Amino acid sequence: MKTMSNVIKKVIPMLDRILIKRFEVKTTTAGGILLPEESVPKEMQGVVVAVGPGARNPAGAGHLAIGVKEGDRVLLPKYGGTKVDMDDKSEYLLFREGDILAKLE
Amino acid sequence: MKTMSNVIKKVIPMLDRILIKRFEVKTTTAGGILLPEESVPKEMQGVVVAVGPGARNPAGAGHLAIGVKEGDRVLLPKYGGTKVDMDDKSEYLLFREGDILAKLE
Amino acid sequence: MKTMSNVIKKVIPMLDRILIKRFEVKTTTAGGILLPEESVPKEMQGVVVAVGPGARNPAGAGHLAIGVKEGDRVLLPKYGGTKVDMDDKSEYLLFREGDILAKLE
Amino acid sequence: MKTMSNVIKKVIPMLDRILIKRFEVKTTTAGGILLPEESVPKEMQGVVVAVGPGARNPAGAGHLAIGVKEGDRVLLPKYGGTKVDMDDKSEYLLFREGDILAKLE
Amino acid sequence: MKTMSNVIKKVIPMLDRILIKRFEVKTTTAGGILLPEESVPKEMQGVVVAVGPGARNPAGAGHLAIGVKEGDRVLLPKYGGTKVDMDDKSEYLLFREGDILAKLE
Amino acid sequence: MKTMSNVIKKVIPMLDRILIKRFEVKTTTAGGILLPEESVPKEMQGVVVAVGPGARNPAGAGHLAIGVKEGDRVLLPKYGGTKVDMDDKSEYLLFREGDILAKLE
Amino acid sequence: MKTMSNVIKKVIPMLDRILIKRFEVKTTTAGGILLPEESVPKEMQGVVVAVGPGARNPAGAGHLAIGVKEGDRVLLPKYGGTKVDMDDKSEYLLFREGDILAKLE
């Protein structure tokens, strides 16, 4: 039986799935002191890490390009998504494009 | 790990989602005294702050233009929508176009 | 924060929604005496006040014209519709075209 | 507020709805004596009083002609339909075309 | 009020409905003695008595020809179908084409 | 009333249905002794006995050819299918094409 | 009655199903000692063993090519899939393409 390492280097989402890295909200003073956050959004936010090729075209040919790209900051629904373990300590989640609420700027 | 500010400057809704700012209904006399409201609508009202590119065209190409635009006053269903934290104290909600009941004039 | 009046002057329904003003059924004698109603319909009736542009064409382009117009008297289902507050004391409801049962003449 | 009579003269069903007048099954001898019915169908029967323009064509244009016409005797499902009050004492029901089981001859 | 006979002479099923006459399985010896059945199928069987014009073509035009015809012996699901009273003592049922399991020979 | 034999000679499945004969897994030594099975699959297996013409083409014309043929050995889901009595003692089941998991070789 | 061996040599998934061999995650030192795993992903992982021809094209003709191929390492949902017994001791599962979360590299 083939043995594989458990470390995932790269995740290529299937179809219209999008890999999101939840980012931690920190409020730091110039001197580097961590302040308590006052206005943490109730929804989750994250950064797009990888996008799939898109959902299948309902007309039957090819895929529908996904509306976010790597690096986009996005607003996520409170519930949903599938957790994925990656190398670092961040939290990674797979969402379908249709579940992502908005891009944030 | 990258640190980001928690303050959202701009929200660009995905697909057929629409960002709504709920407005407060006030009844003020000429002299500026707040009167108790007598006829508060049972449904929520709001102002369109941002609209997405529209739902995907079922024929597979492009998006379907959304029927409201920034600044439109709209009638919202009593339940539904996703709250989004923004800079000011107003209440912001994301709705899908199909859930918005009507434009108000 | 912008303050708006709570009085809705005009409602422009979204998509295939239709604004209905429920009418009161009265039975009056020639002399103007109100008689008890004997045959009040079990379903709600109403008059079309405003219609939306119509549901989206499933073929992807434009809207599907709605089968009722302002002033039509319609038969409504017992349950459903969304109440909307307007200037007068009448009861206003938003229905989707597909929920309206029939035109009455 | 406009006052309308409660008497419905004509019902024009919306889309694929059909107005049915349930008929009473009577077994009468030549001499006019009512006999007990022996073979009352378990399903409701009725006569088509009015038909709508038909469901919307899924291809997006026009309506799909309805397969019954005024005067057709039809077999109805045991449950379903929406009652409508009309002038006479008969029972009137609105059904969607797809719910009508069969034409009877 | 028009009075109609309760006897149904002919049933013309709507759309993709099919009128089935359940047949009784009998095992009879040459001498006409009824033997207990040993291998009664668990599913209902029947004979097609009448077929509708077929379901609507999803492309929007016309109907889809039904895959059974009058006289075909068919295998029916254990549950489902709508009973219809006819002249004789047999049991009649209306099924949709998609619910019929197979033709039997 | 017509009397029919209860013995089904041939089953012609409707649409995308497939008639499957479950096969018995036996482990026999050269000398013909039955050994206890050690690795019986958890899913049912069977042999295709008859296939229908295929599901209707969603584009509205004709049928979609079924991906298995008579004699194919198939993997079946644990639950589902409709039992059909046939001449021999084997167990026969009707499945829809989409419920069959895989062909086995 | 035909007797068949219970050993499945090859599984050819139907339509958009994919046969997955779950792989065991092992952490071994150079000297071959098995170490306890510290970061086992919460989702199942596996290797694609066989893919079906793809789901039917919604436009009605042919199949939609599947986005993974034999040998691809994939991320699987925690629940779902159908177990299949094969020759070796590994765990095999059938998934539909749409249920596979991502390819892993």
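So that you can tell them apart, the chains are marked A, B, C, D, E, F and G in the order they are listed, and the count of residues begins at 1 in each.
Everything that follows uses one rule, which is that a residue touches a chain if its C-beta (ideal position, glycine included) is under 8 Å from a C-beta of that chain, and two chains touch if they have at least 3 such contacts.
Values in this document were obtained by computation on a predicted structure and should not be read as measured data.
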**Study point:** Chain labels contacting subunit A and also subunit D
**Key:** none
**Study point:** Copies subunit C and subunit B - interface residue numbers shared by over half, same or different
**Key:** different
Exercise for review: Can you check how far apart subunit A and subunit F are, centre to centre, with Cα atoms defining each centre and the answer in Å?
Suggested key: 44
Check your understanding: Taking each chain's centre as the mean of its CA atoms, how far is subunit D from subunit E in angstrom?
Key -> 24
Practice item. Compute the distance, rounded to whole Å, between the mean C-alpha positions of subunit C and subunit F. Key: 55
Check your understanding: Out of subunit F, which residues touch more than one other chain, so two or more?
Key -> 58-61
Review point. What is the shape of the graph in which nodes denote protein chains and edges denote touching chain pairs (line, ring, star, complete, other)?
Key: ring
Practice item. Enumerate the contact residues on subunit C facing subunit D in the complex. Key: 23-28, 37, 39-43, 45, 47, 57-59, 61, 64, 67-68, 73, 75, 77-78, 88-90, 97-98, 100-105
Study note, to complete from the structure: Given the complex, residues on subunit F that touch subunit E span 1-15, 17, 19, 52-53, 56, 58-61, 82-85, 94
